[in-house]
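The two complexes that follow have subunit A in common; it is paired with subunit B in the first and with subunit C in the second.
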Partner chain A sequence: MNGASPNSPDAARLITPTMLIVWLLLATIPLWISRIGLYPYLGIEILIWSIYALSFNLVLGTAGLPSFGHGAFFGIGAYAFGLCQFNVSSNLWICLVVTTLAAAFAGALAALFISHRRGIYYAFMTIAFGQIFWTIAIKSHSITGGEDGLLKIARLPADFGFVSFDLKSNVSFYYFVLAVFVVIVIALWRLTHSPYGRVLSAIRQSETRAAHLGYKVWFYKASVFAISTGLSGLAGGLFAMAQLAAFPDVMSLHQSGYIVMMTLVGGGLVSFWGPVVGVFTFLIARDVIGAMTSAWMLWFGLLFIVIVLFKPEGIAGAFRSIVDSAKAKARHAQGMSALRLLFRS
Partner chain B sequence: MALIEAKGVHVRFGDRVVLEEVDMSVLEKECHGIMGPNGAGKTTFFNVLTGRAKPTRGELFLDGENVAGLPPHRIARKGVARSFQIMTLFDEYTARDNVMVALPQFRDRGFDMRRAAAGDSHFKSEAEKVLADVGLADKADIRAKELPYGDRRALEIAVALAQKPRVLCLDEPTSGLGTDGVQRLLGLAQKLKGKLTMIVIEHDMSFLFSLADRISVLHWGQVVARGTPLQLQENPWVKRSNLGKFS
Partner chain C sequence: MIDILPHILNGLTLGLLFALIALGFMLIVGLMEQINLAHGSLFALGAYVGLQLLGPKPPLPADWTATWIALPLGWRYALTLVIAPAIVGIAGAAVELCMRRTYGKDPLYGLLLTFGAAMVIEEAIRLTWGTRDYVLQVPQTISGGFIFQDLIWSTYRFYAAGISALIIGLVWLVIEKTPFGAIVKAGAHDSEIVRALGINLSRLRLAVFIFGTMLAAVAGIIVAPIWGIRPHMGVDAVVPAFLVIVLGGVGSFWGAVSAGILVGLAVGLSGAYASEWSLLSMYILLVAVVTFRARGLFGKKSVLEA
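The block that comes next holds the complex of A and B.
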């Protein structure tokens, strides 16, 4: 199951020790990222994609629904943020709420059509909807700017009434995205371990059984899809702020494929943190391998194949089995020393 | 009045008639057996009864209400629980969690996203009570996929019982069990008998004849014989067919 095992103490916690460590590490990134030859903007990208990947994994990892068109909702969020800023309000909070709701609404609309489907049919329907939204974005030139994108999106200040933060610099924006990341992590951790999360995970394991236990399966599938797309849209809104623009490219099928790859490589099927691990691996590989060769995707593709062949649980899964075997070794060593003590006396 | 009343239930898949004008009535608290050769339509009848298949025509009354064609979750909420011939458990969940998810109280909180499920000891103890009833009290923490076959069969029934059903439908509960397993299951079924309405599909004749109050025999989608086990032993059709060979 992706998350703490249901009976571990972490499952009932609002904030876990792992979360604190991850947040602390992330908070230090702007202090050293330039020194190792990378740049603060990469940190922003990693956090935004992490929010996106965690939201996506709610559908893929927790509920077991293969969605290959999630990019559409990330993109809808990006456009919604820009359009809201231009036409509705220049308040950051209003725009982020509108962004989330717009993507959730589009997700709910798609979910109405796909939630009665399973497996490959479900996957195909998500691709179809992704392509529909992507085409609309490209063709609605007067609204979205078509292939040129929606430009001149501003990083609105984070206004708390008594104090207002300017987010124009990459470092201050990084910390703003980190704050959103913290909230999303807490919310998704709790959701995954709530009764709702348990039901979703049960549906992943057997839709048939869940239905015969009285669960309205399609409604659970639709609701989690809407929640996931809404949060993906929120990530998209942040991405529009980061890029100062919204482009249709993120909605394309191959970009939707990236989020699936990140989540699987990281280990989203077995671990709550898997998607975040995957995003780190993917984006750092893009920059590091990409600096050496323009065919970096070839190497990442190979990594993907190797993982699927030898460690389908992803990097987080591999890490977990290393920890488990180390623990087993430690237990074994304890047992041996206990035996030695016995024989000595 | 019968608790379950099937009237002219007819199921067709394409040009294949699977159930033909099946009439069946099951009384409250009765244990009703269904037997018949492979492909007779027994499981399809269960599927109609639990909402998994829609009858092409015919009516199915549960406590006077026509439930034919309702989706599985609505029929389940009316108190009809089932086990599956091909085991359908939540394999990654522990035995306790399998049962917990099946509790109606848990289902009522299914959309609760704010509280941690693990924090609720009430569900845990409820689930453990049900596990104790089927003899799995000491296996609550074992994942379903790691349980031995016989225990998985018992867990199938525990999950159905956790729903606090009025009607319990068991689809070949002894399938794949050894003699010990069958005896254990028979003991469990006899304990449940009289407490709720049971409908049992079974190939194991001695199991069914020592358990059921009445039995319907399905063949080629039709009810060809019905009656108490004693009456059926004298039924010429049952005698002629190899179904009558029970020990």
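The block that comes next holds the complex of A and C.
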């Protein structure tokens, strides 16, 4: 089960206690991140990739659809943000909306072709579309700048009418991305626990059964893909703001593979927060192992193999099973004391 | 019409190479229902080991080295085609032994495991041989070119296509006409009955995986003189291999071979007229076919589409 079980009170909440704790912890990051030897920009990266991974997990974890070309939509978002800023408007909100819609549109286009397919055929069709978009991005020099990337993208100010925030400093931009993260988390939490989300879980368990119950499976598969790619594109737009540029390498097959890795290492298949845990692990491991050795992919690959072999449900899954067994033990202990009360005579 | 002929011929030779690259991948997908994303890295490893064997410092015991170097290049090349895959087969065996834990689970886990293995192998290649490009030496008789109808043709391409066709034929014979092939196919069809008949299925799967890995390594050595040897060649191979299998349909031998040839023709022809976009052609071909045919060209029902 991805997210809270339907009987838990959290499933009906707009904001859960876990969310509040996570947000509070994240809000303090700029205060201490430099003290432990990391840098504020890493915080921005973690938040943006968390948004991306959560959106991606809507497809992989909630609906059980193996999408291996998601990087393309993240990249489309980044380019769309830059192009909108240069050609359409310098209003941040308009650009972010255009970014989301552009990526969702590209996702919907791909979804029309892939939504009737299953398993390996579905998986490879997503790779094919990812590669098609990636090749177009590299070869369309005049629009995207090709391999050199689309440069000089500005961090537009966040204008609320009565007050406007300048996002040029990494700390203010961090809090802006955190605000977006909060909104996305609430939206995705409600979506996974809505009737729509329940149909998606049904599709994950068995497409055939869901179809026999009368649900238009292809429509759900297509719409969730478009929603997920749209939000991934939004993350891509934020990434373009963070980097002040958009590059084609985020669209490559490798990068699409990394988002799958992050989501699964964290435990996206069993937990709503899994993708966030995975992004933290991946990016911090990249920086820490990368500082020690240049062959960080070797060590991370080995770590990944070990996780797939021994904890395939990921870090969040392992954590959950520890909590569950602790609870069971507590219940067991309680039961024992109740028995003792009974038989004390 | 006449000037399109060389491009078609070029596409056909390329197509046979694609079919060869996909062959090992297809065996593992078809007979074990596992997607081996490390296929490309094992392919690259085959090329690098071949390079090392043919180079000045072969990884052999000291007293053998002199005898080895003294052999004519043709002999060394022919022996490399056997020795290098055997060495890579050991790496393949290691991957399979790790993979055992994922059998019976969602195929996604096998795929992820091999993705991790691909990362590790690629990085290990980078650490051992560096990031530079290498060229694989080939014997005089199969290198160079010849002139036919006012066009220069590369001898090696025809040699590579010929040997690809030969290997494809041999693999088909092994699967279809030998008791080993019969057992392996039965194992893919109904593993429980095969086990009940007293056949050691885990050893059989190990054998299939090593066989698939060795085919990847052979493909690496054969393709290396055309594509060049560099760490990224693994990714350049695994994606077309995966594509060929999906296009041909899971579980179909001739489906994969014909898909390989189709992809070769698409890349060859589009390369002649729009070289910038030639890599796109195979993806467009795949989307066009799989949009209308749910299981590729000749695919069979498989657990990989659940």
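Here, the second predicted complex is superposed on the first by the 335 of 345 C-alpha atoms of A that agree within 3 Å, B and C clash if a C-alpha of one lies under 4 Å from a C-alpha of the other, contacts with A are read in each partner's own complex, and residues count from 1 in each chain.
Here is the rule we go by: a residue touches a chain if its C-beta (ideal position, glycine included) is under 8 Å from a C-beta of that chain, and two chains touch if they have at least 3 such contacts.
As the structure is a computational prediction, the values presented were derived from the model and not from experiment.
J.: When the two structures are superposed on subunit A, do subunit B and subunit C clash or fit side by side?
T.: These partners fit in the superposed model.
J.: Go through the superposed model and pick first if A:K216 touches only subunit B, second if only subunit C, both, or neither.
T.: first
J.: Counting only touches as set out at the top, which of subunit B and subunit C does A:I44 meet: first, second, both, neither?
T.: neither
J.: Just checking: does A:I184 make contact with subunit B only, subunit C only, both, or neither of them? Give me first, second, both or neither.
T.: So A:I184 meets neither subunit B nor subunit C here.
J.: Is A:A202 in contact with subunit B, with subunit C, with both, or with neither (first, second, both, neither)?
T.: Only subunit B is touched by A:A202; subunit C is not.
J.: Touch test for A:A78: subunit B only (first), subunit C only (second), both, or neither?
T.: neither
J.: Quick check for you: in the superposed arrangement, does A:V250 touch first (subunit B), second (subunit C), both or neither?
T.: Once the two structures are laid over each other on A, A:V250 reaches no partner at all.
J.: After the superposition on A, what does A:L298 contact: first (subunit B), second (subunit C), both or neither?
T.: Second partner only, subunit C.
J.: Output check: A:M261 vs subunit B and subunit C. Expected answer is one of first, second, both, neither. What do you get?
T.: The answer is second: A:M261 touches subunit C but not subunit B.
J.: Angle at subunit A between subunit B and subunit C: what is it in degrees to the nearest 10, using CA centres?
T.: The vertex angle at subunit A equals 80 degrees.
J.: Subunit B and subunit C, closest CA-CA distance after overlay, in Å?
T.: 12
J.: By the touch definition above, which subunit A residues appear in both interfaces, subunit B in one complex and subunit C in the other?
T.: None.
J.: Note which residues of subunit C are touching subunit A in the complex, please.
T.: Against subunit A, the touching part of subunit C is residues 29, 35, 98, 101-102, 105, 107-109, 112-113, 115-120, 122-124, 126-127, 235, 239, 242-243, 246, 250, 276-277, 279-280, 283-284, 286-287, 290-291, 294-296, 299, 302-306.
J.: Which of the residues in subunit B come into contact with subunit A in the complex?
T.: 50-52, 71-73, 76-77, 81-82, 84, 88-94, 97, 100-102, 104, 106-107, 109-119, 141, 159, 163
J.: Could you list, by residue number, the parts of subunit A that touch subunit B in their complex?
T.: Where subunit A meets subunit B, its residues are 1, 6-7, 11-13, 190-191, 193-199, 201-202, 205-206, 208-217, 220, 223.
J.: What residues of subunit A sit close enough to touch subunit C in their complex?
T.: Residues 66, 113, 116-122, 124-125, 127-129, 131-132, 135-136, 139, 253-254, 257, 260-261, 264, 295, 297-298, 300-302, 304-305, 308-309, 312.
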